[in-house]
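Listed after this line are the structures, all set down as structure tokens.
In what comes next, chain A is part of two complexes: it sits with chain B in the first one and with chain C in the second one.
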Partner chain A sequence: MSQPAGTAGRERAPRFSLGARFSPRGQQVLLSYLILLVVYGGCIAVSREFLSWGTMRLQLVQATFIGLVAIGETFAILIGQIDLSVPWTITLSAILGTNLAALHGQQWIAFAVVIAIGVAVGLLNTLGVFILRVHSLIWTLGVNLMLQGVALIYTNAAAPTTHVPALARFLALGNVGGMPMAFLVWAFFAALAILALGRLPFGRYVYAIGNRQPAALLSGVRLGRVHALVFILSALGAAFVGLMLSGYSSQAYLGMGNDYLLPPIAAVVIGGTRLSGGDGGYVGSIAGALTVVLLQAMLITLNVSEGARQVIFGAILLALASLFLKRGR
Partner chain B sequence: MEDRETYPAASERPLLTATGLTKRFGGVVALKSADLSLFPGEVHALLGANGAGKSTLVKILAGVEQPDEGELRIGDRPVTFATPRAALAAGIATVHQELSLFPNLDVAENILIGREPRRGGLWLDPRAARREAASLLENLGAADIDIEAPVGELPLAQAQLVEIAKALSAEPNVLILDEPTSALSIAEVERLVAVVERLKAQGKAIVFISHRLGEIERIADRVSILRSGEKVGEFTPGSFSRARALALMLGESWQEGKQPERATRVRDAGPAVLDVQGLSLARHFDSVSFTLQPGEVLGLAGLEGQGQKDVLFALFGLFRRGLEGRIAVAGKTIRPRRPRQAIAAGLAFIPDDRKSLGGFLGLSVSANIVIGALDLVRRGPLLSPAAESALVDTLVRRLDIRCASPTVPLGSLSGGNQQKVVVAKWLAQRAPVYVFCDPTRGVDAGARAGLFAVIRELAASGSGVLFYSTDISEFPALCDRVLVFREGRVAGELAGTAVTEPAILALSFHEAAREAA
Partner chain C sequence: MKSSIVAGAALAMSIAWCSGASAQGLVDPASLSQCFLKQAADTPIIQHKAKPGPYKIAFSNSYYGNNWRTEMLNIARAYVTQPEVAKYIAKFEIQNSGNDVAQEVAQIRQMILGGYDAIVVDGASPSGLDSVINQAVRQGILVVAFDNTVTTHEAININENQYEMGHLWAQFLAKQTGGKGKILMVRGLAGTTVDNDQGDGGLAVFKTYPGISTVQVYGNWDVGVNQKVTADALATNHDIAGVWATEGATGALQAFLQVNAPLVPMTSESDNGFMMLVVQHKIPALVIGQSPALVATAIRAAIAVLAGQAVPRDANIPLNPVTTDEMKPGVNYFPNLPNSFVTNISIPQCNVSIPVDAVVK
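And now, the complex of A and B:
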């Protein structure tokens, strides 16, 4: 060791901006973006359409929905858990939000519903996973089922509305300075997520818990609080995506969240976050969300049947996932 | 031992002979050229302090470890055991201290696991299993154990008999019992002694490990004494003497009859940084009281598992229920139920198992150091990378932590440097009380010296230090005062020059020490 440890002036700052602060995982993030490039190249090879802004604009909006859900999922996976209650959090939030807002003629009610559902589902997941120590795979899936039940009960009693808050529509379909509003929303929350993981004490606790929970306990980390925050963030994101999706399709309907169970998790895994927790970050998840959306779009363009598309999409996701799981030892 | 009459073959030809067994772990010699002969119908006790080499010897006999040198013979036939299975096949069964039972399976299933009786070579035969298990238990005089009860529901003493029955189902000639009595009550020990007598009468050779000299005197025919990996003596049947055994165990520095005097407690003028009164926790420790002065290094010594470690855990809020007594840090009474509360009160805790408790191996050195002191490196709501690296650089230099850069993962550092990082975590904020729980486990001599320097420095700067180690030689090197624990209680206290290895050991084997006096 030629240079004694602890001397000042080492390279330190530049890599942090990538969110790669905790282990030499800048390459991991790089790999995620390389995969994105390869998939995008594949898209272009399949169709020149993907070079047009009009097409890509559409993909960005699609990626926004997955990317927003992937924020909460990234946090959940980083602490070594998973959140599978997303699909029906999305649906229930959309149905309740649009209906109640229409009923009272007030847009803000839809946002209040997003927050109420986000906090309620997040706390329910914390109760099961942290306090009752049920594996999050089981518990959050059970919560998903219960939310589905609530949505069914509610839609049996109340006719769904096609009247969607204008603000929800603007968030999903609006245009600001040539950019889709949805993408700007994503960029905003993505920046917050990256900042939270890299520069807030909360972010440190997330990595600490995912890395080794007993050590976090001995370091004085408030385990319950961090778990609650993570699950609330995840449910809030899903509920918010529900509102945006209702604006996107101008309606809220049963099952509208069903496509958002695995793609966000796939985005997180392709983004290089280790499924066992403690290692990764949201920078990669962004590439992951874009990759997932482009893959889906490519298969649609190829005009394969719905069934075959699902098989191929699943196979590619599993291949990518195993690539990353191998790398993560 | 009313019945001294032994199996006819006793003391004629040994069942198993070990000669010159040597085992090294890295640079440490755990066992040095040890000889051992096991005769049928004889109980051979192994006696020695922690780290004397008993476990290594047992592990070699059981096929868990392979000796670097030396030879094992069964009868006249040289044997080597590559696996525990091979040892078992050769007729050597071991009941380890940690029971290897399946709590959800019933008694019969546990006893016959891996040897289940079958019908037609395929189907399990539960009736035959129950019959066989029942006869094995009866053979132990333990027919009262419910053969169909899940083992998880049995009291520990019964579970242990099940484990012994399980070992006997392989029909071994040699049975090794590793500290079978350490967790048992007096009545339960009686029963176990009866079981051992029975097995002896059946001609088994039994290796018996215990720290209780009284027990050994009663039950053992032959006693081997180990010290620092060497066999330093053997008592042939009828020749055992407690005083001699103790002298052999403790080494040359020990002189018979010289008792360490119980030091009167030195009370400083300053108020205690830690005051513990009547601290009790059922099944862990009982009425433990002590005070810690600023600038003092207080050792909690004793053989392993005498409650001293649990006291430290309790102080740090790792036992949520059942804690009785009073804890005051710097004059303020606390009831720590979470580590966070203990930390807030001014305790810093350096655990022994840095792989799972102390550090985050996957996170950077820097993240590990500041995790407990994030408020110090915050500017507004955000962490400041500049403030963080300034703090980390200071601590890395102060503790001389060897790493390429604080951004490398903790797991890439050597054991000693990892431990320093764990210590550094608690140096960012000065705590009134530092608790070191076996901090030198698995670190090399150089790192150990560095760690000791840090501990002395902490004390010199006015903190109180509680120190626990599994290596008894560290107490005299470091501690101003030592409490010696035995079976969950403070068996004695040593201060100043009275803190010596033999004195600590003598108090650890308290009963014997009084005898020897």
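And now, the complex of A and C:
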């Protein structure tokens, strides 16, 4: 923001086409993948097992959960907002979906619930952030609490009867031609996300809003629509991950989404997307998701005390984030 | 209608069984001493002059947002209506405060004004309630804390021995592995008293076997986290001989199935899903868990002391270990209930027997 308008304009130009190979954007993505490479190197130094496909397959499944949430989070951060309603969107979608599927004996209900929750939570977030103009940090966190309340009321805080759809199990744990199904799902949605940001009008609007919202408005961008789309996509991603997670652990339970608040945001930041919005993209977030998951796995393998583990994890995340946060200034 | 008849029959049967076990009932000294074990040799005994019954008892509960707490609350409601117990009770009231210490303090203050004979507490804080509890005791009200116990010496504290739990799990694994090999410890939430106690109990055993080495990871008592950290640990340790796991062990076991690792002896708290899986895969396992029926023992302790009987100030409730060959569907695990159901809803040593229908409403 403090840059002279002229320079900022020149820097921003290639972002709209995303065609230039050596734009500042490209350099940031390169940095994200270099970090990923270094962390992977560290993993291998800790244990040769990280060279085996079996081990990496597990990591890819874990990265999928974070990576899918990071799609919506990347969009939200690009327009200068954030979505903190992810954890209980995950939990509520998993509990409601598997419970209603159990009550009615139909698998497709779980998927219908994912869509319903995604749209409902997304619209609720848009209502607060765009129409009521509450800062997304506050509003989405509040929505998260509300969703927790809904989940508690719905289950009466008791273990809900669940029926995890076989398809959810397959999506989370299945293998197709040696590749984990989860990773294929991620690759599919990642490709869509990159396409949307780089080639579709949606992407142009997202960057325009993140860079200067009034300017975007004046150039005819429908701010409300883009906000709604971003928050709905983010909630849909979280709700879908909820269903996949219920497939992964064969059950849905209160609090199951609690570990998915900060890792996706860390993935977005390590991926080079500026927290204040307008700059970045999903290509980097992919590297970010893999980096976060590999870091966690490496620290578990180290067999050090939990305290030390958390200190190291936090320190590395801070160091990585600061690499990018400096550039954002 | 049909289910309530079944519930009634189960209730009647359990009561018949109870009274058979102790003719003197709830306040029989011999029966009390089987249930409430002193936490240390020098634990003081609490005994007051008997008050005439029946009694007004209030229950101040903190958090209620998980399966354990819900089952516990249902057990409390069911226990006080069992005829053996009901004859001692004039009024029983439950209040939930969430994990908010100030709220719980205010609630207990209301209970003091409400003229109750005893207050049972599952606290939001180990020390934050001390002053209001002391105040209650000064007003002549008996206070019994359980599960999340309190630090004030004015209250009776009732819990399960977490160190002993970790110890028994480790002894089981040492026996199963012949004292050799690598044990994966999937612990709880680092830095909590319960995790420290369980872990210390386990490590104290493993240390005595030179052939045993341990790998420790933290699963935060959560099924999903258990599954992830176990899968990670398995990726780099192919020679795990046994798994010492606590709450959330269902996830640890699922990680073994997910990566097709050879199944090894395991331990767990009372997770229904875990018990179903070990029976299905015939895995040697030992299950011991914090029982949601602890609340019933706390109510019983309150009644006993009000009736003039002696109870240790800091008491442990006997543990009820269950091995795979002792697991019986519908008795100590429940294939038709959710994976996350907490199975140990009865404590036979304390004559607490709650029919499962009363717990899942």
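The rule we apply is simple: the second predicted complex is superposed on the first by the 301 of 329 C-alpha atoms of A that agree within 3 Å, B and C clash if a C-alpha of one lies under 4 Å from a C-alpha of the other, contacts with A are read in each partner's own complex, and residues count from 1 in each chain.
Assume contacts are C-beta pairs under 8 Å (C-beta built on N, C-alpha and C of every residue); 3 or more make two chains touch, one makes a residue touch a chain.
Since we're looking at a predicted model, the values are computed, not measured.
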{"item": "First, second, both or neither for A:L58, with chain B first and chain C second", "value": "second"}
{"item": "Touched partner set for A:L103, first chain B, second chain C, both or neither", "value": "neither"}
{"item": "First (chain B), second (chain C), both or neither touched by A:A166", "value": "neither"}
{"item": "Chain B versus chain C as contact partner of A:A215, first or second or both or neither", "value": "first"}
{"item": "Partner chain in contact with A:V311 - chain B first, chain C second, else both or neither", "value": "neither"}
{"item": "Partner chain(s) touched by A:P201 [first = chain B, second = chain C, both, neither]", "value": "first"}
{"item": "Touching partner for A:A45 - first (chain B), second (chain C), both, neither", "value": "neither"}
{"item": "Partner chain(s) touched by A:L192 [first = chain B, second = chain C, both, neither]", "value": "neither"}
{"item": "Where chain A meets both chain C and chain B, residue numbers", "value": "none"}
{"item": "Touching residues (chain side chain A, partner chain C) in the complex", "value": "47, 49-50, 52, 54-55, 58, 62, 148, 152, 156-162, 173, 245, 248-251, 253-256, 258-259, 296-297, 300-301, 303, 305-307, 309-310"}
{"item": "Complex contact set, residues of chain C against chain A", "value": "64-67, 69-71, 187, 190-191, 215-218, 222-225, 227-229, 231-233, 235-236, 250-251, 254, 258-259, 273, 337-341, 360-361"}
{"item": "Complex contacts: residues of chain A adjacent to chain B", "value": "1, 5-8, 10-13, 15-16, 21-24, 195, 199-201, 204-205, 207-208, 211-212, 214-222, 278-279"}
{"item": "Footprint of chain A on chain B - complex, ascending", "value": "316, 338-340, 343-344, 349, 351, 356-364, 367, 370-372, 374-375, 378, 381-383, 385, 389, 393, 396-397, 400-405, 407-409, 425"}
